[in-house]
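Data first, discussion second: the structure below is written as structure tokens.
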Amino acid sequence: MLYDIHSDKWREECGIFGIFARQENVALNTYWGLYALQHRGQESAGIAVTDGSVMDVQRGMGLVNEVFRHALPDMPAHIAIGHVRYSTTGSSLLRNTQPLLVSYSGGQISLAHNGNLTNAHEMRTELEKKGHVFQTSIDSEVIVNLIARSTKQTVEERVIDSLTDVQGAYSLVIMTENKLIGVRDPHGFRPLCMGRLGDGWVLASESCALDTVGAEFVRDIEPGEIVSIDDKGVETRRFAETDRRAACVFEYIYFARPDSVIDGQSVYQARLSMGRTLARESGFKADLVISVPDSGTTAALGYSQESGIPFAEGLMKNRYIGRTFIQPEQKKRDMGVRIKLNAVTSVVKGKSVVMVDDSIVRGTTSGKIVRMLKEAGATAVHMCISSPPIGYPCYYGIDTSARKELIAASKQVEEIREYIGADSLHYLSLEGLYASIGNIPKQTLCNACFNCDYPAEIPCETDCANNKFLFEAKNK
Amino acid sequence: MLYDIHSDKWREECGIFGIFARQENVALNTYWGLYALQHRGQESAGIAVTDGSVMDVQRGMGLVNEVFRHALPDMPAHIAIGHVRYSTTGSSLLRNTQPLLVSYSGGQISLAHNGNLTNAHEMRTELEKKGHVFQTSIDSEVIVNLIARSTKQTVEERVIDSLTDVQGAYSLVIMTENKLIGVRDPHGFRPLCMGRLGDGWVLASESCALDTVGAEFVRDIEPGEIVSIDDKGVETRRFAETDRRAACVFEYIYFARPDSVIDGQSVYQARLSMGRTLARESGFKADLVISVPDSGTTAALGYSQESGIPFAEGLMKNRYIGRTFIQPEQKKRDMGVRIKLNAVTSVVKGKSVVMVDDSIVRGTTSGKIVRMLKEAGATAVHMCISSPPIGYPCYYGIDTSARKELIAASKQVEEIREYIGADSLHYLSLEGLYASIGNIPKQTLCNACFNCDYPAEIPCETDCANNKFLFEAKNK
Amino acid sequence: MLYDIHSDKWREECGIFGIFARQENVALNTYWGLYALQHRGQESAGIAVTDGSVMDVQRGMGLVNEVFRHALPDMPAHIAIGHVRYSTTGSSLLRNTQPLLVSYSGGQISLAHNGNLTNAHEMRTELEKKGHVFQTSIDSEVIVNLIARSTKQTVEERVIDSLTDVQGAYSLVIMTENKLIGVRDPHGFRPLCMGRLGDGWVLASESCALDTVGAEFVRDIEPGEIVSIDDKGVETRRFAETDRRAACVFEYIYFARPDSVIDGQSVYQARLSMGRTLARESGFKADLVISVPDSGTTAALGYSQESGIPFAEGLMKNRYIGRTFIQPEQKKRDMGVRIKLNAVTSVVKGKSVVMVDDSIVRGTTSGKIVRMLKEAGATAVHMCISSPPIGYPCYYGIDTSARKELIAASKQVEEIREYIGADSLHYLSLEGLYASIGNIPKQTLCNACFNCDYPAEIPCETDCANNKFLFEAKNK
Amino acid sequence: MLYDIHSDKWREECGIFGIFARQENVALNTYWGLYALQHRGQESAGIAVTDGSVMDVQRGMGLVNEVFRHALPDMPAHIAIGHVRYSTTGSSLLRNTQPLLVSYSGGQISLAHNGNLTNAHEMRTELEKKGHVFQTSIDSEVIVNLIARSTKQTVEERVIDSLTDVQGAYSLVIMTENKLIGVRDPHGFRPLCMGRLGDGWVLASESCALDTVGAEFVRDIEPGEIVSIDDKGVETRRFAETDRRAACVFEYIYFARPDSVIDGQSVYQARLSMGRTLARESGFKADLVISVPDSGTTAALGYSQESGIPFAEGLMKNRYIGRTFIQPEQKKRDMGVRIKLNAVTSVVKGKSVVMVDDSIVRGTTSGKIVRMLKEAGATAVHMCISSPPIGYPCYYGIDTSARKELIAASKQVEEIREYIGADSLHYLSLEGLYASIGNIPKQTLCNACFNCDYPAEIPCETDCANNKFLFEAKNK
């Protein structure tokens, strides 16, 4: 049985990578690219390659270095795409690994998807009515069937055609025998950027993957843009307009790596600003600022800089946390936090601390950390969260808890503080969050998880009652 | 690198099994059923199960006991189907394992296939033109797409509809949420039989699998018949007529297990008769009759009984032959036969022997065995083959060599004898073969591999030139 | 959980192999040699090699092809030894795998052992008293410590010295940096033979392993002989005399491969004679002679030849029986025999049969087979066993049941017949057995399992009460 | 092929853990304890347990969660010991995993060792002369043989006896059927501490492991002390005096986890002080202080606090760095640093930075990091090392490079600065280091790697010439 060490965080569902380069080992570059995107998905990985005629894919459950422990797709190739994914555990879900690779009337096509279609169920039902079958439960299979059905001539037109009716979040890398295609949905929910590697081109969810393979960042793919790369170079086209850009604000808060730059905004600088703003908003006095490592550290540094309260490492993280076997009996004793984090007694003993974390989902882990600090001698724990309270699920590619599990959906801030046992609790205000992501206009961000303002239709399949409530909430 | 220990035999491509039983552990019964059918395919295995609403499948590369070493599909279930398969090695071919499991407009459906569609390529192209995609290269995916496209109401009608235009060999087990369906193509190329297990029902490629799970043999599924099993019992329907039954004669010669009974003919008795007929036809005099174990043994016993020459075990087989690692350098020394077989010197030394084998494909192994016997002191080796010379490939579900690799396609019997170094060589005559399979009228057997009389259209994709020759040969 | 498919047979505990050859890939030859000896042990395997200075060993749990699936010991080498072993399952017993490899004052030495020391416990205790430690529970560790303690000069003298006080069964292959040594205990319990491979030399438990690697049989190692092989050739010495040669008679009955020749006696011919003698002794009349495959087949052929009753394959064996996963619930239903064997109805229906098997241990499997044949329509089953009743455990290297589990220890033949449900039951007489192994004087065989005449001291550690009884039995 | 991601750091060779507790699952606690000590060894792991009569051990290559992925030693037990180890890769080295488990005249004993005996070779040769054999190449096997040879009565006396002549570094946990024993060598090279868990006791290399299992820190084991724990409680004894305590100073600089307290000195506070001292000593002016994560971070925070220069995260570390497959071709391109670290451009662009790291071994990685920062726009990189130049190998349990690979052994500071391309380079002075580890008198630390003042004899086996030089250097 696997113990989920990140169990009290929302999870990015996928990272994608693509490369077109005649002078490179494209499979190996994709391997390193996925390695750099591993934080976006740790449950499965896959790489598809082509040499212009044959296409092959290798996929498996596990981390990138586990799936490709013995070998990479072994053929000469000049195009490759890759995918990392988080998914609920289950050996049968091997068939849900990406990239998808299919043959259709136009030849072979491989596709990797980051995001979540909000009308996938309807589209799928529609396609099934037309006689299509589905072997997986991933949205990409819907898109690939739509591409195959399209009566357009070029593959780019087919892709655009396929996206006409789908809604929701999708950043895609698509590979044909001779092209690498990148697509970002009209809202721009999930990131996608492009880089140059020698004479070739790279697409990646985050710029940190470009850095890792030594590619130079060129630009972000625009919402509603499709880029097509082949030997003649890069061709771009806008396939849809949108009245509402809606880049996921949580990429800046938690999902993305701090060394990435998304849509012109440095993730690191955004987090630093969030910490500074938190300091101004909360005004807590304390001996030290500490963070819940690693995701809270940058904001904690910002808090320290703004407040003048010294930053210290009050909590140490076990660097070897992985997928860990645990026995049922042990679950009762709930060692979860202790094996992952340890309080540094010599730092916190006799000290009042401001503790910065990025978010609170269910609040159970936060409570344990506060208790751990108190047991180590902290005289007061003032908790600062570098995001507003999360009150609503995400439907655009994040693995979120059900609404009833979100502590902020049913409890007021003071109740939450009491629940986790902190001496104080401050959430970053929504305005403060906007201000911290200064390079991006606030109306172009998606903040639905904070304010229920869903920029696109949300699905009505699984929890209609809940959604009904949400819609009412939204429209009240 | 794997060394193929059976490299000089044709290979059955698949075995299938299905069970509907409310009082049984259906996954476990399917496991044992596949175990009994393992000789029909050793490269991959899979089991799909359903409890009436959820459907799950577990598939992998390897033998049944390897794929399911750690677990069987773990859910309560009352229907299951399973599949074993031979295929060319290659990790990427994980996606070609069966049973296929898809969702479509009618719900979920799982399918396992034994046989080969001769117009799969055309059907697939046709479906691709209509917008379908294919994730595997197996024929079953064609059938399942046709089922999904059908506008018929019931699943049985859909299945029948899907088979209207497909040609070639197919024995199928199909599972829906509440039915187990068995289908056999109008020619009846590959076997399929039905048994009773308590209150439930079992379908299997061969009756030996019924014996293994303790089911009672009920009857063979008829060519052109579809049976549908649910809580109300078994319903049967004839979905196609045929002017030409064409059960594979090689099942009796080599593929099937001797303890199976196919279409009313005991495989054991057929082989025994082949041996008796061989004795009469060849009239060889010798001190001993020996066999190439294990497949030649039953015919050798028949030869011994008819000729009065005592049977002895002149060759011993290593019972632990499995998938064996071999180093490239070793291939040169060609230890293949020696690690699999060893001559029993005390038996053959100073003796003339009749050696019975079931077939000769390329002839290389036969030559090595003859040499091994001579080195052990055999004074003469009279080789008897319990089938006519194989001159033509099979297109109905057997992994055959290309025609140019078939020694009998280019050499006369005397040339073959010389090539393998035997003192005499006799092939069973076609008439002798017919006579040996006494329960089955000769016109209802497929003997195309011996006489080029293909009972159904053969594909024209891969080796048209060769096929052209065949067609001419056929019509001359 | 593993289901033991051979659960009602005694088990040979080990096979050993050694090679000294400058022109060969010695690791690969050892691999193939162990492959041929796999029937002597399926639970673990190991190969040790040396290039004259460095020594390396690779060992693991499983069949030879599993342990060396990915690689053989990877270094240039001209000496190698190998070992296959049966042992009670248990992951912790990885440390009990052989060959053992140690460094001592004389350099490095590696050792593989077939047999069982009857005073291992005492020797071990003695060594422990002198300050030695033991990391395994295998006898070889006792021997290697004795070698290390010896004050003699040469390694051969050290080996001889080490064997002065040990009692029981041991065939050994020993490797130093520049020598390959073979040893057989003074009683000659377990076999060991020598062959020539090009300019090099091979040692093996059975001659079938020589055949497999293409070596020519030279001779058996004599009881009480030590051979030492290096670049100068083979040197031999007799290190002990014995008043009692005692080669295991069960090697001829069941353990060895029929294509092996041991101490000048062909195993095949011995089994054939046992069958002939059985026919004469039993005088059963029946329609057919059948065997329990594969071990009973040769004797059944002998029975058929002598009696004139035709031999037929009345039982088919699943050729893919391996280590098989089975669920606890299934054990209750006891599918054991059915998944391994199946009656050929068309053969046995309406027929009276003589069924030949090599031995009966607990009798449970025999009962199931008789029932299976009756259910398939056999009108009578006359059981013939090609060995006398087994009444006493073996202490010389065979994994035997405790005495209380031996059906013949507590039941008379007629009671056993009734227990297994056979119509008749005949065991080969001891004199008949001796007569069948014609090349070997009866007084040089060990038959203790039949008549309690233990040729060497037996251990008194585990079941003294039982042994006391045995000794009394022996001396009454 | 594995790419060693820490290739330019010295490595602690082992971590050890022991527990005696009747109310706990001791195997599971040991598992978690080793998890917390994983930074001390990532190549193999093992756990031995006993229930008072039976003793069992499970060992394997890999991380703790890999070795025990499927199961922990599965038996009721109240004592357990565990070990993690770094070692040169090699499948054959499975036999070198710890804990060692042996039987000897006194019963069974299991032992795990952190440290390195400097006269192991001599002791081993001595034992071999007395007839002992060695199955591994680990020092623990020497100790266990000495224990077995001892003529003393109690196990504690035997252990003490065994240590009389061994020299070098050893912290040991030893388990008998009913005792848990902890030993620390007279110099106290490697740490070992004791904690209380309910009614039971825990021993561990570092206090962070006590925290992880919820044990309360009691005290450090003293150099030259042996503690023996059984149902009657803890008994302690001083088995040797020393005129020279010599705790490894590098534990404070790099090896130990910052949340551990060793010999009364918080590792975190020591590192913080090193940073503060570095700031005073170097006096560098810059826009930012950054660290090479994670080991340089605490010292960088100290530097920032003392200097007033703000701390920032200028380098991001990939949190999923593990054992990584790499293709030979890739080594040429030397992606090593890029896949592990990435510069945060938005932080360092246009800024001068002080970069704090803990040590420089060969200097190759440092050079790449400096180049990476410059490419990201840093205007100046002033490198500060929180230790003096490493000029001499360690012989007391650290996997160090040969002296010729140590850049500081052959280059002056200015030459090193030039080699790595930094604008400035400052190493912490030895006095500054002493001052930073304020709780521990400087004469009780081992600083041999900095000043060649080896507190105990060093081995003369492998590189005598080099050592000769060292001794001369030492005595000049």
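For the reader, a short list of remarks on this structure follows.
Letters A, B, C and D mark the chains in the order given here, with residues in each chain numbered from 1 onward.
In this text, a residue touches a chain if its C-beta (ideal position, glycine included) is under 8 Å from a C-beta of that chain, and two chains touch if they have at least 3 such contacts.
Computed from a predicted structure; not experimentally measured.
With centres computed as the average of Cα coordinates, no chain lies farther from subunit B than D. Remark: subunit B and subunit D have CA centroids separated by 61 Å (rounded to whole angstrom). Rounded to a whole number, the gap between the C-alpha centres of subunit C and subunit D is 49 angstrom. Subunit A and subunit D have CA centres that are 36 Å apart. Counting only residues that touch two or more partner chains, subunit B has none. Chain contacts in this assembly form a single closed ring in which each chain touches exactly two others.
Contact between chains, per the stated criterion, is found for A-B, A-D, B-C, C-D. Interface residues of subunit A facing subunit B in the complex, by the touch rule stated above, are 56-58, 71, 73, 91-92, 95, 100-105, 125, 128-135, 144-145, 148-150.
Those residues of subunit B whose C-beta lies close enough to touch subunit C in the complex are 25, 28, 32, 35-36, 38-39, 42, 63-65, 68-70, 72, 208, 211-214, 257-259, 261, 266, 268-269, 294, 297-298, 301, 305, 310-313, 316, 318-320, 322-325, 327, 329-330, 335, 338-339, 342-347.
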